[in-house]
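Got a structure here, written out as structure tokens. Questions coming.
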Amino acid sequence: MTMAETPDMVDVTETSADDPRFFEACRMAEALVFASAQPVSETFLTERLPRGVDVALVMATLRNDYTARGIHLVRIEGHWAFRTAPDLSFALRSDEREPKKLSRAALEVLAIIAYHQPVTRAEIEDIRGVQTSRGTLDVLMEAGWVRFRGRRRTPGRPVTFGTTRDFLDHFGLEEVRDLPGLEELRGAGLLTGRMPPNFNIPSPLSDDELTEDEDPLTQLDLEELGLLTPGGKEEE
Amino acid sequence: MTMAETPDMVDVTETSADDPRFFEACRMAEALVFASAQPVSETFLTERLPRGVDVALVMATLRNDYTARGIHLVRIEGHWAFRTAPDLSFALRSDEREPKKLSRAALEVLAIIAYHQPVTRAEIEDIRGVQTSRGTLDVLMEAGWVRFRGRRRTPGRPVTFGTTRDFLDHFGLEEVRDLPGLEELRGAGLLTGRMPPNFNIPSPLSDDELTEDEDPLTQLDLEELGLLTPGGKEEE
Amino acid sequence: MAEGQKPASAPLEKLWDADAERGVSEPALLIDVAGFEGPLDLLLHLARTQKVDLSRISVLALAEQYLTFVEQARAIRIELAADYLVMAAWLAYLKSRLLIPQQPKDGEPTGEEMAQSLAFRLKRLEAMRNAAEKLVNRDRLGRDVFPRGAPELIPVERRSAFEASLYDLLTAYAALRQRQAVTNVVIARRKVWSLVEARTLLSRMVGEISDWVSLDIYLARYAADPQERRTMIASAFAASLEMARERKIEIRQDGAFTPIFMRPGEKAADLSEGSTPL
């Protein structure tokens, strides 16, 4: 059987098939990445491989070697890892290893953070139209998918959230810009932080702050609202 | 897939090379061995691979594929496993110690220094409510995350601690001011439950400048500190 | 809703499916908002029942649907969360702006602009829902795709010999501060005035006064915290009974629940040397 040899020879002959040093570098890189369960950074590989070797070319060659195999070499934000081929999922899948199920709310928050990052909590709540319940962000951070990124340079300096490399690894993405449908959403203007002009819609309230909400209310509405007690919150 | 087929010893070389079923079986075996935490028995492989496939041949083929690579497929007491090629051990051997998890006490002290800097050892102990062992600060200094900042202009002129540039790098912060505040910790579900009304979390200052009640460390101080075990300065 | 009928819980979806066929006036509609994550979620659900592309929904019809829903909820006295009602008010306003076109005034959005904004928000929420679904159905590590099962732990790549994430750090800090805060609360709560303390206080009072003084007013000087007042009054009253028995003070109350007055008793002199009794 020939599957190991097929794809790589093309690349290697072009560039450095005759160079035993390049071949050795490939073997070393392969072993280094293979040994680790975690993605290995290109910086680390550069340090470990013989000096002067084109690491990018080494990795491209290796990736090519594995395209048809049962294991793939994948790149995640400048880090490399071996992963089983996705099409073999059926053969490997086992229910015991099923990752923890996320609540709908947590999943929604995760998607918003992924597509809108860096995003503040207020923006997440604006998009969802509800307050984020305690525990939702916590769960995502504990899973290692979401992290504090920094602070927005606006008054109040709100903290922003973003996704992690583990997030990309988990969902099989090389980079954030590989998120499914990202470009279309951006093109449709659905990812801009800015609202259309004159945007004005009630934002989620903390329970008792009925009166705080503002202009569009008519006197009649206010009277009606006063008659009704605020009920419980709807979050998860 | 045709189930009628039976393992055919005679046909072996003929079928294997071009048979897409055999090729698929190789990919599956490869992925199964790769993903398994233990060496995989041939019995297990036989159960998982498509019926009628010659498992021994599959494994022999795979082993052959990997002979020249940086990874080898090895057979250990009738079980199969991938191992990095023995001749590459020089490249893989790591002189780095395996990273140790920071102890809970160290995490707490580090966090207090980050949030409350500049902070003296006595203040750290006051916040934690327990004495800080000498080793804890040593560990943090050794990790390069904590440094002496200066001296407080109070009786006894206690040394103040702060975080380092490496600290920011390691934890992915641009500046100390990016550490989340009370509302954000609460919002992320890290702080729960009722908090006393006067509860607050300091907003750390930019870490470079000395505060008004701090004196810079003089040459003498440095010598003194250098002579003493780090962290052993104050009340031990 | 028909009288006497017992409201049972039914998903809202039923409500609107039924409406599409039977008209809104149909009685006995049962409402359940438990499945919805706030008014925007509900609105998105209603918009979907229009069965058109979100960019072509009729915001006016949507507003009416929502308002009808809120009306019905009120009719059967369902307590709606405040944000549902705020949304209703906003939609009522939007509806009026859409029905009675006004000259755009400075800074005030036109009805169309408001409608566009709402449609935008619904589209954005739906887009994120779809994105979440796509994400969760990808080939996921640990479910569809697997890492090396027996890592050899060789290429450990760490700049630092120690491992900790920001999450670890913040969790530790939050837990610590919380722990300490709780301890503090316990200490703070221990503010119960003992009889001894109350007696000392009363003794001091007796030293200062010569005639009837309202206990409440006197104590108010010491109890800044209203929560403390209660225990103070209770202890002071108990102590005062004892002191009255010893004839160190006299107590007077004109009626139930009226203020309690006190003045030094015959033996008040025993209490405080430095002051002049009576």
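Here the chain labels run A, B and C in written order, and each chain numbers its own residues starting at 1.
Convention: contacts are C-beta pairs under 8 Å (C-beta built on N, C-alpha and C of every residue); 3 or more make two chains touch, one makes a residue touch a chain.
Small disclaimer: the values here were computed from a predicted structure and weren't measured.
Participant: Using only Cα atoms to place each chain's centre, name the chain farthest from chain B.
Facilitator: Of all chains, C has its centre farthest from that of chain B.
Participant: Taking each chain's centre as the average of its Cα atoms, which is closest to the average over all protein Cα atoms shown?
Facilitator: Located nearest the centre of all protein C-alpha atoms is chain A.
Participant: Comparing A-C against B-C, which pair counts more contacting C-beta pairs?
Facilitator: A-C
Participant: Centroid of chain A to centroid of chain B, CA atoms only: how many Å?
Facilitator: Once rounded, the distance between the two centres reads 19 Å.
Participant: If you average the CA atoms of chain B and of chain C, how many Å lie between those two points?
Facilitator: 39
Participant: For chain A versus chain C, what separation do you get between their C-alpha means, in angstrom?
Facilitator: Distance between chain centres, rounded to whole Å: 33 Å.
Participant: What parts of chain A, by residue number, touch at least two of the other chains?
Facilitator: Residue numbers touching two or more other chains: 32, 34-35, 48, 82, 84-85, 92, 141, 147-148.
Participant: Can you tell me which residues of chain C touch two or more of the remaining chains?
Facilitator: 146-148, 152-155, 165-166, 170
Participant: How about chain A: which of its residues touch chain C in the complex?
Facilitator: That would be residues 32-38, 40-41, 44, 48, 81-86, 89, 92-93, 97-99, 102, 104-105, 107-108, 110-112, 114-115, 127-130, 141-142, 144, 147-148, 169-173, 179-181, 185, 188, 190, 195-202, 204-205, 207-210, 213, 216-218, 221-222, 224-225, 228-236 of chain A.
Participant: Quick one: which bits of chain B touch chain A in the complex? Just the residue numbers, please.
Facilitator: Counting only chain B, the residues touching chain A are 16-17, 22-23, 26-32, 34-35, 48, 61, 64-66, 68-71, 82, 84-85, 88, 91-92, 172-174, 177-178, 180-181, 184, 186-190, 192.
Participant: Where on chain C does chain A make contact in their complex?
Facilitator: That would be residues 33-34, 36-41, 74, 79-90, 92-94, 96, 107-109, 113-114, 116-118, 120-121, 123-125, 127-132, 134-136, 138-148, 151-155, 157, 165-167, 170 of chain C.
Participant: Give every residue of chain A touching chain B within the complex, in rising order.
Facilitator: On the chain A side, the touching residues are 1-4, 26-32, 34-35, 48, 68-71, 82, 84-85, 88, 91-92, 121, 132, 134-139, 141, 147-151, 157-159.
Participant: So in the complex, which bits of chain C are touching chain B?
Facilitator: Those residues of chain C that touch chain B are 146-150, 152-156, 158-166, 168-174, 176-178, 180-185, 188.
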